[in-house]
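You will see subunit A twice below: alongside subunit B first, and alongside subunit C after that.
After this line comes the complex of A and B, so read on.
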């Protein structure tokens, strides 16, 4: 009997123990879950405090469940079951619809609170003239590079010096929303036109799309000012959110007509929200007593929890991010391209690379000190051309230039400090993106007789660009949450709306810190701070979503 | 010329006008696909004199001297690591891109030493087309791929005409004429390699270098590329590196055999190399005893 069973095939191979492997696997799973669960619990906790959904009527929840959740799940389920790509179209358009209004809100705060419409318009026209000069010169091949550079330089100086003044002194200027529509709508229309040209491969379609975008933006402004929504707000909403969503929907419809049903998903969500809101108002169900409401978003700060708003900090953060992006992207990407494409493989280059990697790990408070010592002091007192230490023994007056250029504790100094902070991250991620361009592509380009510059411009950068952009946006996400450098450079705890680059402003993390330390009443802890945290996280996630979309789109 | 021209037709056509008619017929009898070589008096276009190449301290080529005739197909064969690709890359100075590489000796293209101090390697590469082992079209449209060389060289031409002409010469036109705006990466491997050939010949180079152009392709795509090389030899000087000895025998007029250590062992008419080589080592290699 025993000998029989030993010879059967089923027992002939024996068994290989997988106990250790299984244990290892579940340990790894646990390690993964610890972090995710902790953050998840925090989000739920903070979100609950900020929104307080349990204070709403059960009827309110039921209404929205029936009008919003059930139809959305049903439509989503059907689309997903069809497995023809329409579900993806639905998700993407829903994501666009959720994120783009946030960006529109950010742009709107700048136009409504910081930038005077006429000044912005005049500078936009001046810049537009420069861009037009560049485009016109690029077409002609007869003019040499030096001459082109000279013309562009002269055009830039002349245009920026004289055009804004001329426009600002014009006797008649259009109403504000029209100015904003022209300032914002023209570049948006140009981008929309270029996008349409490339995706339909037809210049005429591109021109029509561009004209439609500009027309749509102006029409939205007119409509908004007529119905009392606010012409400027409507203009910005149309330019930043409306045009991309419309363009996406048009592309999706035209490219894959079979997937057009995917657009039902965002329609269901929007329709459900509107219907739910209408029903709740008619029946009279009370919504949640959310702390995070319109008044909190758009209100000034206050020492009482009831009146505290985050608007000045929000605007400060947006301004800071703008400056950080403008400063760190060109410098960081430029350094990465140099290190990867030009720098010889020498000891010096290796030393620089190691140091950049180290700088990425330097604590942010150190950068704050750098910002205080170097940027804030120097920009306040001026650059020491002839420092006192040398001038005094010689019996001369110390010489400083550019004193009080931007003031201290400011948008500009803060932006510069944060730019320095994320510069190493931008450089490293850009280097990685450039390194991932296959060598065979470079060889092909060089083999065709392309110069190094032509190879970088035509082959390396286009291929590396999505990766570069992803890395830099993620770095920007780190900058938006930094508190320590701003504290060190002396950003105030109490601040109003920034008016110019030298205003003393704070940012959202700083505001949250101020609430937690100086106004630390239980009321603040339980309601105001969670609401502020949610706003900060939403702003950061909105920025990161751009990076995620870019990565998904270009990785395939 | 049209893509319907086959090798044999070309042979027949040229043979009839050829003074060495009988030789040609014998040659085609012996090995049918050996393309019509010109007369013996063809001009030399590439000439190397004592070319040595080092990668750091390793010598990759030893004293290579050879004369590559114009408008013929010259094949370079030899085992892996024998320096045949290195030699190919000397001709258009692609080795300059490798920091560790050092080239000594003289290499003349059309009578000018390309390693002279006053030669701009970028300008040189504009006169020498190159096709690589793995198809490497740019992630751009087919049209942009073909026009890339003209674009970087700043040559203004009738773009549509050049695109059609180059793709026809590369025997790809009929397959892609309706989708010139699609990405070059959407083509199959063999089509991609023909696109790379079209890209290389669009600026009308004097010499076309091919570094194992068919080694990453399936047999059908390979035979298409081979037919194409045969046709190209009418207008261009083709220098091709290959691992495949049958391929060298089929398509080339002259064959250079490199053996381990970067040594050029024998360089002669293809027919002679494969039928009656001078060197025993070459015979061993060709018959498979070594290599």
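After this line comes the complex of A and C, so read on.
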């Protein structure tokens, strides 16, 4: 502002006020940074305890410094100096390359430990048939809406009841990786095709991209099983990490061919890492004696610090996130649509809005009490479809469903509780995203004769989608760290690998709490907990960074 | 669509066609889930808490030990083993955490808000805001571990040699750090909403940026700032994992010393309370969970007694925050 430079007007006065102003400014900056720096230092401490980089050979550090750090800095510096956007392409693809394998690992744990490939495949086929029915019916204009609804309903029931059984009893089934490739590769290919269609504005390119994605996933599975890496793991890595990275690189290069050189940055990093690892192994330099290693990530929990691993808790957290996403996203987005599009100023909507604002302020431990009292204990026998109070006078048997899902500390109750907990956040952020869609676009849609639902489906939701996605991912990031509600619904301290929705729930923050209290030996405090903390932090930061990148990308 | 069924298609595509009704009902049910959640919370807390208090337990047909509401609210001893359920020691612990956290978070949060709203350029803000969000996003169980493993030893070495392994001070420090973003983001919104006319009027009168920030923007945004304080304090009251891990599990009332001489003696709370292990309402709930969870005994029911107290306190604070924000809001239109 102009006043900052106009300080020499009258003798003395300006000097004094400038000193005060400058001091105040830096005081404010310091205050802003205190919290950030404190937490940053704590992160460094905990990372040091988990990885212990100083225990490595100096030669190890030197090798990686020469093969990884120096070339990366050189290439990055050159790209940045060129200032033609290639540096940004390099950074973004590097970020994708760093984050997507993490998500691939998460998906892989689900497929390897929780979901049997054949069962998943059979349900995927059943769902695919339903989707195919819906798509086929949407095209037809001759069938009335009621008839369509009936057909879809019947198709859903029939398909989910019979198709999985038929497929599971087939005499010949493909090998596991091929099942996973089809289960996971088909939706990934469909999304890739849709994305390519919209970004090139060309259906043919979209079809080619989709086919290439599916082919690539299957090829990766074949290659992985041939070289002994594991067909399933290679399939998942290709579907979750490979396809998005390839798609990103293809779109970025097609739009700005001059930025092609940006891809040198990720290549340098990957090449440097491989070269460094090769050199270190040949020469025999010892790496850091990290506590956070492959054995910790994939090992079961134990009462001794040496053998304690985080794998069951990791799988539990991922399973919980899956349930939370499936339950809270549709409901949260639906509620936001109702509040913004259907009843913006009605009495009821105001009541619901006040209610949501207050729910957002309810402590998480109270949500735990809701889960414990209602879901775990009152519904222990299952959800009453036909309660005893109605059934008895009529001489019928009371009907209750889902008796094994509800109960003390099951995965399902944990997921429900966390979903209710983050629902206010999902609703509020989705509302903001929907509100930011300009009213003129809605009016244009109405003006063309579209109904409210058509406007919502074709105009509002597509426009608001990036914002909704950002908010919901941030909410998931909050859910993955929640401990208190899971503790209250009765999750025990020692838990095995969750196999189904009625298993006892385990999660990374719960595991950290258990390590900190029941097995709180100095060994655990100094080594095991830091490693667990780093895993949890990486998961949370990966989700947050995806959300923040999405926000920055679509805000402009 | 042929011309003969034009009428038909017109009526089926209106606001009350089956498709529109289905969509509207689905969205309404989604919105109604939030009401159901509130009803569920109140229902569970009330039905279970009424079996805990002796005044109402008879009506619910509960036999076994109960606690009267008066004893619960005024009892000075909390012990699960001897079935003493006075909430005052827990309130005292919660209050200590809140005071400690507020001392850290309120000034830092307001300073951050002033910096972000008045001083920072857009580029700096772009990096600082996500960094601040991370402070609130770090799982609280990790904050608890940080307090025990890194902060307490630091305090012991440099400031308070006789600090306990578990203590209120380190717990309140981490709770303070985690609520900074809550204060700063709501306060910043309030400051950004102050119209530029006011600032320019200030500059026109010869005020410096410092004068404008402290003399115009902060007073104009004061309702939002206070509302953020109340919300942040409410969050600190409900915070569970960090205090459970770091503050210990020894419920005790704060002791009072007196200052002054003769007839004029003013009691003050003893600050040594911060260096000792304490217990808050939330950490007492976690401890109760490990004593008896499936049986439905008095410990289980007391969980809901404390829970409803916590719920009512945080609800009052949320409503109060809303009221402050709207009641004292300056209207510039």
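Just so we're on the same page, the second predicted complex is superposed on the first by the 501 of 556 C-alpha atoms of A that agree within 3 Å, B and C clash if a C-alpha of one lies under 4 Å from a C-alpha of the other, contacts with A are read in each partner's own complex, and residues count from 1 in each chain.
Methods note: a residue touches a chain if its C-beta (ideal position, glycine included) is under 8 Å from a C-beta of that chain, and two chains touch if they have at least 3 such contacts.
These numbers come from a predicted model, not from an experiment.
Novice: Based on the superposed arrangement around subunit A, label subunit B with subunit C as either clash or fit.
Specialist: fit
Novice: Could you say whether A:270 touches subunit B, subunit C, both of them, or neither, answering first, second, both or neither?
Specialist: Neither partner.
Novice: Between subunit B and subunit C, pick out the one touching the greater number of residues of subunit A.
Specialist: C
Novice: For A:513 in the superposed arrangement: first (subunit B), second (subunit C), both or neither?
Specialist: The second partner, subunit C, only.
Novice: Applying the document's definition of touch, where does A:344 land relative to subunit B and subunit C: first, second, both, or neither?
Specialist: The answer is first: A:344 touches subunit B but not subunit C.
Novice: Once the shared chain is lined up, is A:458 touching subunit B (first), subunit C (second), both, or neither of them?
Specialist: first
Novice: State whether A:141 touches subunit B only (first), subunit C only (second), both chains, or neither.
Specialist: Both partners, subunit B and subunit C.
Novice: Of the two partner chains, subunit B (first) and subunit C (second), which one does A:154 touch, if any: first, second, both, or neither?
Specialist: neither
Novice: What is the C-alpha-centre angle with subunit A at the apex and subunit B, subunit C at the ends, nearest 10 degrees?
Specialist: Rounded to the nearest ten degrees, it is 90.
Novice: Look at A:446 in the shared chain and tell me whether it touches subunit B only, subunit C only, both, or neither; answer first, second, both or neither.
Specialist: After superposing on A, A:446 lies in contact with subunit B but is clear of subunit C.
Novice: In Å, how small is the closest CA gap from subunit B to subunit C once the two complexes are overlaid?
Specialist: Scanning every C-alpha pair, the shortest subunit B to subunit C distance is 8 Å.
Novice: What part of subunit A is shared between its subunit B contacts and its subunit C contacts?
Specialist: 141, 449, 451
Novice: For a test of understanding, state which residues of subunit A touch subunit B in their complex under the given definition.
Specialist: 141, 201, 344-345, 438, 440-441, 443-451, 454, 458-459, 462-463
Novice: Help me check something: in the complex, which residues belonging to subunit C touch subunit A?
Specialist: It is residues 1, 12-15, 17-20, 22-24, 26-35, 37-38, 40-41, 43-45, 47-48, 107-108, 111-112, 114-116, 119, 126, 128, 130-135, 137-142, 144-146, 148-150, 177, 180-181, 184, 203, 207-211, 213-214, 231, 234-235, 237-241, 244-245, 282, 285-286, 289, 293-294, 296, 303-304, 307, 310-311, 314-315, 317-319, 322 of subunit C that touch subunit A.
Novice: Inside the complex, what are the residues of subunit A that reach subunit C?
Specialist: My answer: residues 1-4, 17-18, 20-21, 24-25, 27-29, 31-32, 34-36, 38-39, 42, 45-46, 141, 144-146, 149, 330-335, 337-339, 341-342, 349, 351-352, 355-359, 361-367, 369-370, 372-374, 377-378, 408, 420, 423-424, 427, 449, 451-453, 456, 474, 477-478, 480-484, 487-488, 490, 509, 512-513, 516-517, 525-526, 529, 533, 536-537, 540-541, 544, 548, 552.
Novice: What does subunit B use to touch subunit A in their complex?
Specialist: Touch residues, subunit B against subunit A: 92, 94, 97, 99, 122-127, 129-130, 132, 134, 136-139, 148-149, 151-154, 156, 181, 196, 199-200, 203.
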